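Take a look at the structures listed below.
Presented sequentially are two complexes of chain A, the first with chain B as partner and the second with chain C.
Now for the complex of A and B:
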């Protein structure tokens, strides 16, 4: 067996230098080193949570862009060319859209510097624009992106609609970077918020709607406490959310409502009320 | 260290001012907005003999602090600069009988700032004197007199810097203590009804939701799209009623 392996690896010394002899030589000829270096640099820049998935996507995108480039150069005839170019443009736009979205999903919003980096990259990708090369992000693209972020985060349309309404921009308006960053961050945080409220409902829901309302009431209370910027208020609000205090609140609600018939609260209703607490604190874009 | 009297050849051990002391003090003072506006007069030296010709350095300084109206004091805070002992006297007016003149009372006697007047310990520390430490209630005060004493001849100068006087704020202290007293101690068993969901899980979910909302609020930007701006000003026709 050893002999067989060895015979496979023995280099054949021939005069033709262009034919690669070993795997290493093949790779260097093809230029794999440069491609890999580029991929690793991109990975370090983006700081993705799933590095293998990122690399897979990166190579896929690279292959796709090479394909698009090839198809663009092989067109004949004026009309056909124009049509192709238009189709290319819209598909390029969609491509850019998809790539920007993918960049944004690479780092979680809690990793602040990585997330800010990715937002900057996505902004520059989207504001490069079509043939005219005008700078600035269009309102239409921005609103569409926010909708996609909410949808991909698992938030249903009716739940995210009020948030989009507060954050959206008209189609013709130019969106500055600060606003873009704030809105994208808000959408990601909202997606997390909805996910958390769903799990909260699952924890509380075996009991009736009274407890759900009591729990939401505590959250509203805590949010109202930190309305002003006094740092001591944060301590006060967090004191209201300790397990002891919440248990007391739920106990009190149950004893108070022991006489009345139990009202059931559905998941959608719960999530709607919770998101209303969040959305009411989002500043309107003007 | 420029204060050293080199003739004596004395080398005290150097104690650096702690940065954390200053930070804590600034946080505390910025949290309560009751710092009073007052005029701090220049220190006056008390000396026997002629001030100009006598070569001996004074060992006593007096700093007067005057208020525009009579106040109730909560705290006197300052940064020490090589003062060893401090006496504090207050000039109080009687609110019931304003025609009887203001009286001077001693509220702090021989308060030690430097345990050993010859060494550096406590020489540049931050101090606070609270109303609980004072001999008399510091109410209806029109003037504060700080009497500084430094018996050691090692130091060239001594004084108090950055004197801040805080007024008695009753609402703040009550508010902050109300939720403190409501915290349930862990050992106390709670009589809860059966069938309640696990408070730990509920609490952790709600705390995360609260934190997410706070993150969103703190990241709000003041950037505007300029929807209603017409050449940088508002046009009345473009304003909407929503």
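Now for the complex of A and C:
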């Protein structure tokens, strides 16, 4: 091998064996262990699909918050400085919102404990009081975040608008954690629901609107069964959606409608109706 | 990665994308360049390091043992090599093995010549090893040779066993594809000339892949290739793998052949540079055998990661080391 070229490169094992003390000393001095431990614990909790990307983002966010923390200790005084501070503050806010959103997307909502932890982190991030802000999550920030969650989840604005309307708070109101968690979870589940509706439509639609309506009808039927909190009702509801039952419903609809002209159902219409079913079950935030 | 990752034990989850390996490497990089990196703080260092891993730049100018250490490193290196030197393809230059090796050494100083020779053997079908090769031909052969190095070593052994008539160590289970009549040669001489029986070869490879820990092309693609012929030679098989678009996609570093030479950013940069030079282009000097571009002042490779601009990947090395690598 080209040893001459390699002379500048110190293999890990060599440096470790020849001066282990200074190396470990150095690493302890700079706190590498603690930083890595924190990052790995977070990664293992979240079990991201892209561990390297997660670590890159995690360290990036951390570095940025450390750097911002330093620059934020500037002294008040000049109007110009105040301007700069305001600009810094709003970009800080943007950063904060982006990071909160990032935290929320790190674990799928089905991974309940990891998801709940992330919601807590995001909440504390957004509730942090600033120089001019009071402690607590503002309604405006909360509503905007919900919109972002829906949008990033692939839900078009008109589809998510009714849901946001049900969940939103007044701009100046302080949002408690429970409500925040409930709303964020609802939005993520809704995004998944819309995605599934879309793929359902793609499966059913090559035929015609009759079948689409039949499927929606079965879905509505099943959802209405879950009116109360009795667990048995959930079993009943899911029984209504077994492939056999769904096939029966579709067959019935088709035989009933044979002879009448087929009406076509567009994707937007299907998604709208499906999401209406979902949203009707969401409690209105007073 | 699927949702199984939630139930894996810690070690296995981390091993999926070689996280411990990269953390170890990050730490050794930190120790190697203490002064340079500690001025920005170690959190920033880790952020830059993992960002460069994510972007695929982490393998540039690193030692060969690091570059070959993970499949991701190999595919990142292939991609970097392509992006750095695709202009050569555009010029239509034909280069020798040693010239390609020089190019590789610009990105990896201790890149071994054996690997380059093996790649050339695929292109040239094990014949006339001092022949010239076009960039696309070399690149696709080099890709599979580098990415599947261990796999090819293993199947070379299987191939030799089949050729010499020895029954391979693997159990051959008659599968549906070998239902057709298989004509075996009477002597092993004819076998050497005509290669080996494809279905038999395929069965052996399948058995190998069953518990194989190194990267290998998807079995469906291998079957696709081997089903087309009754008999196959070793380099014929490798050449088919090099040309297989599905396998190329599976590796994921290079585009398809049609898109290989498309490089709008570099075209723009070159046009700008050419416009700046009012007289005849100086790039047609004696060092144009390597097809390098106008010398652009750029930073040393060891400079702090977040100062490295993307364009450096393209022009790096073509300036600093062409003089010394001239031979």
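The definition used in the following text is that the second predicted complex is superposed on the first by the 223 of 286 C-alpha atoms of A that agree within 3 Å, B and C clash if a C-alpha of one lies under 4 Å from a C-alpha of the other, contacts with A are read in each partner's own complex, and residues count from 1 in each chain.
One rule holds for everything that comes next: a residue touches a chain if its C-beta (ideal position, glycine included) is under 8 Å from a C-beta of that chain, and two chains touch if they have at least 3 such contacts.
The structure displayed is predicted, hence computed values, not measured ones.
Within the superposed three-chain model, A:49 lies in touch with chain C and out of touch with chain B [touch as defined at top].
Judged by the touch definition given at the top, the superposed model places A:60 against chain C, while chain B stays out of reach. Contacts of A:31 after superposition on the shared chain: chain C is touched, whereas chain B is not.
When the two complexes are overlaid on their common chain A, residue A:167 makes contact with neither chain B nor chain C.
By the touch criterion defined above, A:150 reaches neither chain B nor chain C.
Once the two structures are overlaid, the count of chain A residues touched is higher for B than for its counterpart among chain B and chain C. With both structures placed on the common chain, the touch criterion links A:122 to neither chain B nor chain C. In the superposition on chain A, A:232 makes contact with chain B only, not with chain C.
The residues of chain A lying in touch with chain B in their complex are 109, 139, 169-170, 173-179, 181-182, 185-186, 189-190, 192-193, 196-197, 199-200, 203-204, 206-207, 211, 215, 218-219, 222-223, 226, 230-232, 235-248, 250-251, 254-255, 274, 277-278, 281-283, 285-286.
Put simply, chain A touches chain C in their complex at residues 1-2, 5-6, 9-10, 12, 15, 23, 26-27, 30-32, 35-36, 39-40, 43-44, 47, 49-53, 55-56, 59-60, 62-63, 66-67, 111.
Across the complex, chain A is touched by residues 31, 176, 179, 182-184, 186, 190, 192-193, 195-203, 205-210, 212-217, 219-221, 223-228 of chain B. In the complex of the two chains, the chain C residues touching chain A come out as 1, 5-6, 10, 13-14, 16-17, 19, 22-25, 27-28, 30-32, 34, 38, 41-44, 46-47, 50-51, 53-54, 63-64, 109-110, 112.
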